[in-house]
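Presented below are the structures under discussion, each in the form of C-alpha cells.
After this come two complexes, each holding subunit A, first together with subunit B and then together with subunit C.
And now, the complex of A and B:
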C-alpha cells in the first residue's frame, strides 16, 4: 500500500500501556500499535506493509474503492444485533419474598419465612405467564427467584405445568431455572426438577467460614447445605444442571484462590467473580460493601491468574465474566448478558414479575422499588398489556438515553464494543440514566476488566488461546 | 505414479472411434445402448496383451479394439475412459477403485495462481462439458462422489448450470464437489441460477489465500480477485449454499495463517469447512519453486495455531496432503488421507512405518520435492488414531 493511500474505517483508540495504543472497530476487532506506528498509520506515512496488511485484515483500515471491508463490517454488526427483534427472552418470577436466610448483602427486602402475604398468587402468575408468552422471542427462559423460591414450591410447580401447557400453542424453546440457596432441597423437589429438566442456580461465596458469615441462617449451616445440595443435584440430575454464583464481599477480597479451589473441588467448571451490586441492602449497608473498585479489581486479577494457572495444569475452569467479555472481543455474538449490553438489557433482556404483580425492567429495578424508588416499574400484570410495558416511557427513556453509541464518553471509548449500558446502576448511583463516566464505578470497573483481559491475551499465547476457546462456547 | 493417459494401439478400426467416452466392462457384461468396452486379457499369448473391444461382446470374430499399453495395466472393469477418434490415446476419466474422482471441465481460468497444479490454457474447450455429461451417463449406481474441477468451471456459466441440471436428473444421489475461485459468484444472478439448480448435495470449494486483498490478489495474480471471491462467498451463503474454504500452504500463506484463521472465524464463520492443503509440487509450482515452496516441517507451529483457532471456533477443519511423520501429533485428528489414489505413493523411507496405512502418503506428482523430514514412525500407536476433528485441550 503506497503512503497515504489507505482510509481509516470507523475506529476508536485508547492509550493502553506505556507505548501501546489499542485500536478497536465497530464490532470489537482490535490491534495494538506502538505510538510511532499509530501516528504513521494516522498521518499516512506508514511504510510497514505487514502492519498495514494486519490492520486491513481486521477492518481497521481499507483502500479507496474497496467494498468488502464495509460489507463484512455490516454483516458482523447485523450478526451482533440480530437477536434484538426477538425482544425479551428471560422472564423472572419472584414467587415469594420470604427467605430463611438473612444474608448480609441481600439485594432484596426479604421477609421472614412465615409471612405468606409476600407470596405470588396463582392469578398473578397466570397473568405474568400470559405476558411472557407475548414476547416474540423463540426461546423463553423462566427463572424463579425470591426470597427463596422453594418456600413457595407449589406455585413453582404450577407455573411450570401451566407454561408447558401454554407452550403447546407457541412451540417456543422453553427452559426453567430455579435460583435457590438449596437449603430446602428435598427428594420431591429433586424428582420434579429431574422430570421437568429444570436447571438450578445457587450461591456459593467460598469456603465455609466466609460463606456462612456472608449468608446467615438459623444453625449457621448455609455452606454445608449448599454444598450437599450441589452434590445431590450433580449426582441425580447431572453435572451440568447446577451452577453457582459468588458475591464478593470485603471478607472475600484476600481469598480468591480458596474460593476458586472450592468450586473446583465441587467439580464446578465455572466461577463468576462478581462484584457486589450497589442495590438493596447492599447499598444501605456500606459497612459490608464499602471496598472500592481498585480493591475488587485486584481481587479479580488474582482470581483470573489462578484460574488460568488451573487451566495450564489441565483443570478446566472458566471465569464467567471474562468469558462473556471474550465473546464480545473475539466473536460477533452478543452474549446477551443483561448488565453488559447496549441497548441496555433492561426490559429487552429481562422482565421481572414481582410477587405482587408489578413488572420491572430488571431485577435491580425491583430492588430499587423495595427501597421506595419506582423508576423502573413498567406496569402491573393486572392492568398492563405487553405493548404498554415494552413501549412505556419508563422503559424507552432510559434505553434511549443510555445507548453507548451515543452516550457522552462512551461514544468515543475504544472499549465500547465490549461494554454495555447500565441505566439502573447510573440512576441508583448518580441520579440519571447516563451518569458521568469519569466518575462512574461501573465504567472504572469494566475498563479495568477489559484491560486485564486484553493485556493477558496480548502477552501470553496460552491465555489468548484459552480466552478464544471461552469466547466460542 | 499411476499414469492416467497413454498411447494405445488401434486394432481393426474401420473409422473414427465414436462416441469418445466408454465404460470398461467384463466380457460377459451386456447393457444395450451404453458404450461399453469389454476388457479382454489374452492370457494365452506371452505378451498378456489387454485389449478393450468397442461396442459388442467379443464373440467369434474380434471387433474393433484398442490395445492398452503396460502403463494402463491398472485399467479394470468399471473404469470410464476416453478414447481418441484415431484410437491412439486412452485417458482414464473415472477409476472405479478410487475414493476421489474429478472431472476436468475447462483449462481456462481468470486467476493465475503462483502454485497452480493445473496451469490454465486459453483455448476453447467447451467440449469438456459435453464429455463430462457422457461420463455422468456411465457412472455406476455405486458412485459416491464426484469432483468438478478446472481451470475455472464457472467461466462457462451456461455449460456449468446445464451440467449441474443434468446431474440432478441423472445422478441425484451423488455428492458433488465443485472447485471454483468463487469470483463468478460475485454476480448475484449467476449465484441465483446455481442455487436454483437445487442439486441436493453439492459443495463448492473456494480458495482464500489471505485475510486481505493485497496478498490474495498477489498469489492468484489477479487484481480485484479477493473482492469478487469474498462477495461470491457471501452471495453463496445468503442462498444457503454449502461452502468449503481451501487454503494452500505455501511460502506466502504460512506467515499469515493465524490471521487468516481469525479472519475466517470472524467473517466467514458460516462456511461448512476449511481445508488446509499441502502443496502439490507440480504445474506452476515447479517453475515458481523458490516463490512457493516451504517444507511442511517448518510451518507446524503456524498450522497448529490456525487449526486450533478454527476448530475451537467450531469450524470443521481438515488437513489435506500431509504426511503424519511431519505433522504435529495434535493435528493428526484433522488429517485426511486425501491424495487421489493415482497420485498417492510412499517412499522407501515409509517402509515399515507404523502409521503408513493411516497416512496420506506423498504426491507422486511432486517428484523429489518432499519434506526433508519424512521418516518412518517405529512405535505403534498407543491408541486408535483420533479422528475426532477436535483440538486436544490444553
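And now, the complex of A and C:
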C-alpha cells in the first residue's frame, strides 16, 4: 500500500501501556501498535507494509472502495447480536425467601426457616411458567433460587413436572438448575435431580474457616455440608452436574491460591472469582465487603496467575469470568452473559419471578426491591402478560438509556465490544441508569480485567493459547 | 499554565485548533480527578481545573487534561472519517435479521 492509500474502518483506541496503543474494531478484533506507528497510520504516512497488512487482516483499515471488509464486519456484528430476537432465555423462580443460613453478605432479605408465608404458591408458579413459555427463545433455562430453594422442594418438583408437561406443546430445549447451598441435600432430592437431569449450582467461598465465617448456619458446618454435597452430586450425577461460585469478601483477598486449590482438590474445573455484590442485604449489612476495586483487581490478578500456573502443570482449571470475556475477545460469539451485554441483559437475558409473583428485570433488581427500591419491578404474574412486561417503561427506559454504543465514554471506549451495560448497578451505586463512567466502579473493574487478559494474551503464548481454548468452550 | 484568582489551575487552548466538543469530552473523562470549568476568552478556551484531591500535582493534572484533549480530538476525527462506514456496517448487519422488515410492515 502506498502512503495515504488506505482508509480507516470504524476503530477505537486505548493507551494501553508505555508506548503501546490498543486498536479495536466494532466486533472486538484488536491489535497493538506503538504510538509512532499509530500516528503514522492515522495521518497516512505509514510505509510499514507488514503492519498495514496486519491491520487490514483485522479489519482495522481497508483499501478505498473495498466492499468485502464492510460485509464481513456486518456478518460478524450480526453473529454477535443474534441472541437478541430470542430473548428471554433465563427464568429465575424464587421459590422461597426462607433460608437456614445467615450469610454475612447475603443479597436477599432471607427469612427464618419456619416462615412459610415467604414461599411461592403453586398458583404463582403456574402463572410464572405461562409467562416463561411465551418467550421466543428456543432454549429455556429455569433456575430455582431463594432463600434456599430446597426448603420448598415440593414446589421445585411440581414446577419441573409442569414445565415438562407444558413443553410437550412447545418443544423447547429445557434445562433446570437449582442454586442451593447443598446443606439440605437428601437421597430423595438427589434421585429427583438424577431422574430429571437437573444441574446444581452452589456457593463455595474457599477453605473451611473462610467459608464458615462468611456463610453461617447452626452448627457452623456449612463448608462440611457443601463439600459433602458436591462430592455426592459428582458421584451420583456426574462431575459436570455441579458447579460452584465464590464471593470475595475482605477475608478472601489474601487467599486466592487456597481458594482455587480447594476447588481443584474437589475436582471442580471452573472457579468464578466474583466481587461482592453492592445490592440488597449485602449493601445494608456491608457484610465483609470493605474493599475497593483496586484490591479486588489485585486478588483477581493473583488468582489468574495461579490458575494459569496450574494449567502449565497440567491441572485443567478455568476462571469463568476470563472465559466469558475471552469468548468476546477471540471469537465472534457473544456468550450472552447478562452483566456484559449491550443492550443490557435485564429482562432480555433473564426474568425473575419472586415468591409473591412480582416480576423483576434481574436478580439484582429483586435485591434492590428488598431494600424498598422497586425501580426494576416489571409487573406481577397475576395481572401482567408477557407483552406488558417486555414493553414496560420500567424495562425499556433503562435499556435505551444505557446502550453502550451511545453512552458517554462507552461509545468511544476501545473495550466496548467486550463490555456491557449494567443499568441496575449504576442505578444502585450512582443513582441513574447510565452512571458516570469516569467514576464508575463497574467500569474500573471491567477495564482492569480486560487489560490483564489482553496483556497476558499479548505477552505469553501459553496463556494466549489457554485463553483461546477457554473461548471455544 | 497559571493560577486564577481563586487558585484554580488554569490552562488555555486555541479555539482554532481545539474543538469545544473535544474539551467537554476530555472534562468528562477526567471527572474522577478534577472538575473543569470551560469559558471562552477571545480566541482562547480558558479551562479552570478544580482538583478533587487538594494535594494533587498541578503539572500532572495539566498534562492529563492536555493529553485527554488530544485523544478526544483524535477520536472525533476517527468518528467523522469512519461514520458513514459505521452506519453502512450496522445497516447491512440489521438488514438481514428480519427485524427491520417487521418494523416497516407496521401501519
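Following the convention adopted for this analysis, the second predicted complex is superposed on the first by the 472 of 473 C-alpha atoms of A that agree within 3 Å, B and C clash if a C-alpha of one lies under 4 Å from a C-alpha of the other, contacts with A are read in each partner's own complex, and residues count from 1 in each chain.
Please note the rule applied: a residue touches a chain if its C-beta (ideal position, glycine included) is under 8 Å from a C-beta of that chain, and two chains touch if they have at least 3 such contacts.
Note that the structure is predicted; figures quoted are calculated from it, not measured.
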item: Joint occupancy of subunit A by subunit B and subunit C, clash or fit; value: fit
item: Contacts of A:438 with subunit B and subunit C, given as first, second, both or neither; value: second
item: First (subunit B), second (subunit C), both or neither touched by A:12; value: second
item: Which of subunit B and subunit C A:77 touches, first, second, both or neither; value: second
item: First, second, both or neither for A:468, with subunit B first and subunit C second; value: first
item: Contacts of A:85 with subunit B and subunit C, given as first, second, both or neither; value: second
item: Which of subunit B and subunit C A:173 touches, first, second, both or neither; value: neither
item: Partner chain in contact with A:165 - subunit B first, subunit C second, else both or neither; value: neither
item: First, second, both or neither for A:331, with subunit B first and subunit C second; value: first
item: First (subunit B), second (subunit C), both or neither touched by A:412; value: second
item: Distance in angstrom between the closest Cα atoms of subunit C and subunit B, superposition on A; value: 12
item: Residues on subunit A lying within both footprints (that of subunit B and that of subunit C); value: 71, 75
item: In the complex with subunit C, residue positions of subunit A that touch it; value: 7-13, 15, 26, 42, 70-71, 73-75, 77-78, 81, 85, 408-409, 412, 436, 438-439
item: Subunit B to subunit A touching residues, read off their complex; value: 210-215, 226-227, 230-231, 234, 256, 259-260, 262-263, 265-267, 269, 308-309, 312-314, 393-394
item: Residue numbers on subunit A that touch subunit B, as the complex places them; value: 1, 29, 49, 53-54, 56-57, 63, 66-68, 71-72, 75-76, 311-312, 314, 316, 330-332, 465, 468-469, 472
item: Complex interface listing, subunit C residues touching subunit A; value: 25, 28-32, 71-72, 74-75, 77-79, 81-83, 85-86, 88-90, 92-94, 96-99
